[in-house]
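Below you'll find the structures, each written out as structure tokens.
In what comes next, chain A is part of two complexes: it sits with chain B in the first one and with chain C in the second one.
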Partner chain A sequence: MRKVLFYIPLLAFLGLSLFLLSGLFSDPRERDSAIIGKPLPQFALPDLMSPEQIWTPENLKGEAYLLNVWGIWCPTCNAELGYMSQLRNEQGVRIIGLYYVLPEDPMFGEVFDLAKLQADVQSRLQAFGDPYQFNILDRQRRLSLDLGVSGAPEHFIVDANGIVRAHHIGDINPQVWRSKLAPIYQQWAAKP
Partner chain B sequence: MIPEFGQLTLTFAFALSVLLGVIPLIGSYTANERALLVAKPLSVGLFVFTLLAFLALSWAFYHDDFTVINVASNSSSILPWYFKLTATWGSHEGSMLLWVMILAAWTALVAQYSKGLPLLMQGRILGIMGLINVGFIAFSLFMSNPFERSLPFYPVEGSDLNPLLQDYGMIIHPPLLYMGYVGFAVSFAFAIAALLGGKFDSTWARWARPWTLAAWLFLTLGIMLGSWWAYKELGWGGWWFWDPVENASFMPWLVGTALIHSLAVTEKRGTFKSWTVLLALGAFSLSLMGAFLVRSGVLVSVHSFAADPERGVFLLIFLLLVIGGSLLLYASRMHSVRSQARYELFSREVMLWGNNVFLLTATLVVLLGTLFPLVHKELGLGSISIGEPFFNQMFYYLNIPFALLLGLGPWVRWKQQKAAPLLKPLSLVAIFALILALGTMAATQSIAANLALLGLLLGAWVGVSALFEIYQRLQQFGSVTAGVAKLQASHYGMTVAHIGFAVMIVGIAMTLTYSEERDVRMAIGDRVVLAGYEFELQDVYKLNGPNYGGEAAELDVRTVDGRYVTHLHAEKREYNIQRMVMTEAAIHARLSRDLYVSLGEALPGNAWAIRVYVKPFVRWIWLGGLLMAIGALISLLDKRYRRTGTQAGAQHA
Partner chain C sequence: MIRLVMVLCLLAAAQLHASTSQELLQFESEQQRRLYAQLTAELRCPQCQNQNIADSNAVVAVDMREKTHELVLQGYSRQQVLDFMIDRYGNFVHYQPPVNSITIWLWLLPVLVLVSLLLFQLRRRALQRNMQGAEQPCEETAPASQQQAALDQQLDQIIERYRSTKP
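Then we have the complex of A and B:
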């Protein structure tokens, strides 16, 4: 009995290292999204390319879609444009962009210039591929905040009734799409 | 050329560490004296080569050699020269090299100052140090090479050192902290050598004591400096954040503190043997665990280096070998060891056992609080975070009995203590402490039953008790003046360290209770009153530093009745290359309070957001830590650690 006692520290350490090992292969920043199963937050935001068009949760309803939070300042977002274009063209996935505007810092002489942004986005999409049906401009980052976005790119699957069904932090690549997002998307895209 | 030279010397150091890890250990089993004797020159050589590697990297930083990836991503040509040098350990790769260099330095020190040790023991200890060196040098060399070049295409300018690290704190915080972490490797090696030899008399404890004290001294200073740095640099007046990485340094400190006390029992009474060995293994194991947590990216922290699962896997395997191996050895060897010493329930032994119980409970609290979010998530239960309220509450509860025990402990004799002789002096201490605590409170604040009063009472109890105890001990030499020279240095050290703990408790309790802060919008000429001080914003102007711009604010502080106190200068810096904004808070420090102002954003209408704090007794926290470190230093000066031969210390029962 006394002998067993002396093995306790070893066993405790081995148990702990199992968790450390599995911790190595998961991202500590990954969180369960609080928004899954809830409707999109209320918003009324302009279209990036034609700002007179105002988008609200209501006029997005009718068909499931993938909402992609992105910006041209985010290299990973640019990298995934190609694969997402493929998804749009080959599988007919409806992808809507939520353009995240970086806060301007007047200290560094930055101002918001819509015309320049539109031109930059246009050239970026021509270079890497354009997966978007359209882009919503989140100038004040209000909607991104309400969605619980912590970085870019992030993706939400929203069903035809405007309910959020999945939240993915990070880029979409063939593996992520097949194993994580495609089943959910297909499930909700199939329903009217 | 120089970086290649550095890489070459690091490779030589690797070869030497392999030899050191193999030859003396084999020699210790084949009783080959020559194999044992080779340990010392190998250790010194190992240190020389790691030092050369480190100097080579520093040279690359000093001369802006941007062909080295590490330099290009952590330095820039406009950085002042002293920050270029400290940028050497600003990255994962560089700090790993610093770690390796310090580990080799400890190895060489043990080799130099172990003349009194039997050759067999010396060879085993150095051999184990050698094996630890193998692991870390391999990690540095193969998994995070600091000398890697980006030729032929290299940047003409570096991407600058993280502005958070451009501070004088950075110059000495990491080296001190690493001295502490790595220093526990020496206690670890002593414990393993004792396990291998199967001899657990009090001698190994006496040999291990000064090394443990030295490591603990550096760790204490390192943690304290880190706390002070965060207070100064992060701009919101906090001094401890329960950040996973702070916790990772706090755990070895707690176990190290328990180890120092437990070693005393093992040395003087020959008991608590298995316990002390376990603590010696634990202190270094937790240091390793800390290194793993910081460098593998399993936890989110402000301190984290870039996460890389491959590095994490390497470190985890190393952890399994070192910690798992040593605990296996412990389990197989230690169960047959029994102590003969007898002691009563009311004795110094039991007091120190209590100390160990509280310190280890505290370690467990920190360990659970730090790792529980990880475990919770890996079990698929979702993400949670454990923060300040949990730790603070647990530490309130732990500290009350701990401080009460600490005031009592030094009075109690070894083996057996009768309660009656202690009643009179301890009631005196209690009465005096009560008067002191209430007096201090009445003088600085109004008397109220709150956390501050509790802290003052506990602090006064510990402090007054420590002073009375040493006074009474001095009297036992006949007269106090005669006793001053005769009392052992380690007794003075203990008293100073315990007073340090008392000072720290008072500081923490007062700061937590009476700190006041306000976030205000101020235009030039505006005034704000806080805790009896009036702050007037006099001027805000543009800054022009070597690698940063930004704004600086000038404030005058007066008491409410108009007496001038001080002038404060707060800065908000924008670092051009990394585009980061840093606050340089203005602090006016006095023993009884800090005035702390940090400059925020510019607001419309030529005004600024300014945060003003008055933090009573906050200095006491670091003063307490400093006193603890000084206590350790005084104990280290004790003569009996410098005596050679095995008879030393026997007469100090």
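Then we have the complex of A and C:
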């Protein structure tokens, strides 16, 4: 009994060390997504390039896809365009963009200009690669809020029935795609 | 002095700016205003992680403030707004975590540690008292002053013995 008591501080110290050590390798920015397993929230948003086309959760159904929240103002998003184009061309991944518009500040005379935005996006996609089947314009960021988006880039894998299967905060690079997203995408893309 | 005045001016300007930007929001009642202030203080920004949404100027915090304002105006209660946000951003977004099988340790652990320390201390006390009670009275020893005198005497004898006898 006394011997056991004698070792308790050592054991407690080791336990604490292990706990703190594991903290060194955890990502404090990682948080659980609240949307996985739920259907896409309701929305009716225009296409970025041809605004007369309205996208809703219903007309996106039928095939699994990767929904990418992005904007040309976001350097990381621009950096991943190349790799995602590769995914589209080589692996046939269906990628849909959700264009995240930054709020304009009227105090600085900023106004929303769709024609200018379209031109900017067009030239950016020409320069870095165009992975998108099309882009949905989320001007008020309402859909982004409903999806639990906290910034760009973020990615969702949505299955053919419109159920969200994965939520990835941050960029897609070969390592993230292979280890985290590709298995989920392939699992849901394979289902009819 | 000029510096001080400038700093004060800046502070005043900042204060003014803060108060005007707050007053841009319209509420139907003082109660709603208070609810809004309470909610924006206890909702956590998912982007700048150690700020509440009232503090943060991240786009998502701005949007969440707007949404909170909108919901408060629609007559949502505090809990309904919290549920709305937790439904989208997870428990992460509220500064007060819910009690479940994992988070219960946050409350239990301090209590457990306290109780075990208390038990440990009590046990130690009891042990000490036992030992004191069991201790045999020590054999009679001479008082300290007598011991000291005896030692001095011994020392004197030794010095006497080795003292040089040369004239």
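Couple of notes before you dig in:
Methods note: the second predicted complex is superposed on the first by the 177 of 192 C-alpha atoms of A that agree within 3 Å, B and C clash if a C-alpha of one lies under 4 Å from a C-alpha of the other, contacts with A are read in each partner's own complex, and residues count from 1 in each chain.
Everything that follows uses one rule, which is that a contact is a pair of C-beta atoms (placed from the backbone, for glycine too) under 8 Å apart; a residue touches a chain by one contact, two chains touch by 3 or more.
Quick caveat, the model's predicted, so the values are computed rather than measured.
Legend: residue contacts after superposition of the two complexes on their common chain; A:I35 is shown touching chain C, with no touch to chain B.
In the superposed pair of complexes, A:S150 makes contact with chain C only, with no contact to chain B.
Of the two partner chains, chain C is the only one that A:R141 touches; chain B does not reach it. Applying the stated contact rule after C-alpha superposition, one finds that A:V111 touches neither chain B nor chain C. Of the two partner chains, chain C is the only one that A:L102 touches; chain B does not reach it. Of the two partner chains, neither chain B nor chain C is touched by A:A190. Chain A is touched at more residues by one of its partners, and among chain B and chain C that partner is B.
Common to the chain B-facing and chain C-facing surfaces of chain A are residues 28-29, 31-32. The part of chain A that touches chain C in the complex is made up of residues 28-29, 31-35, 102-103, 141, 144-151. The touching residues of chain C, counted against chain A in their complex, run 46-47, 49, 58-60, 62-64, 67, 86-92.
Against chain B, the residues of chain A that register as touching in their complex are 2-3, 5-7, 9-10, 13-14, 16-17, 19-26, 28-32, 107-108. On the chain B side of its complex with chain A, the touching residues are 274, 278, 281-282, 285, 292, 296-300, 309, 312-313, 316, 319-320, 323-324, 327-328, 330-331, 334-335, 371, 374-375, 377-378, 382-383, 574, 579.
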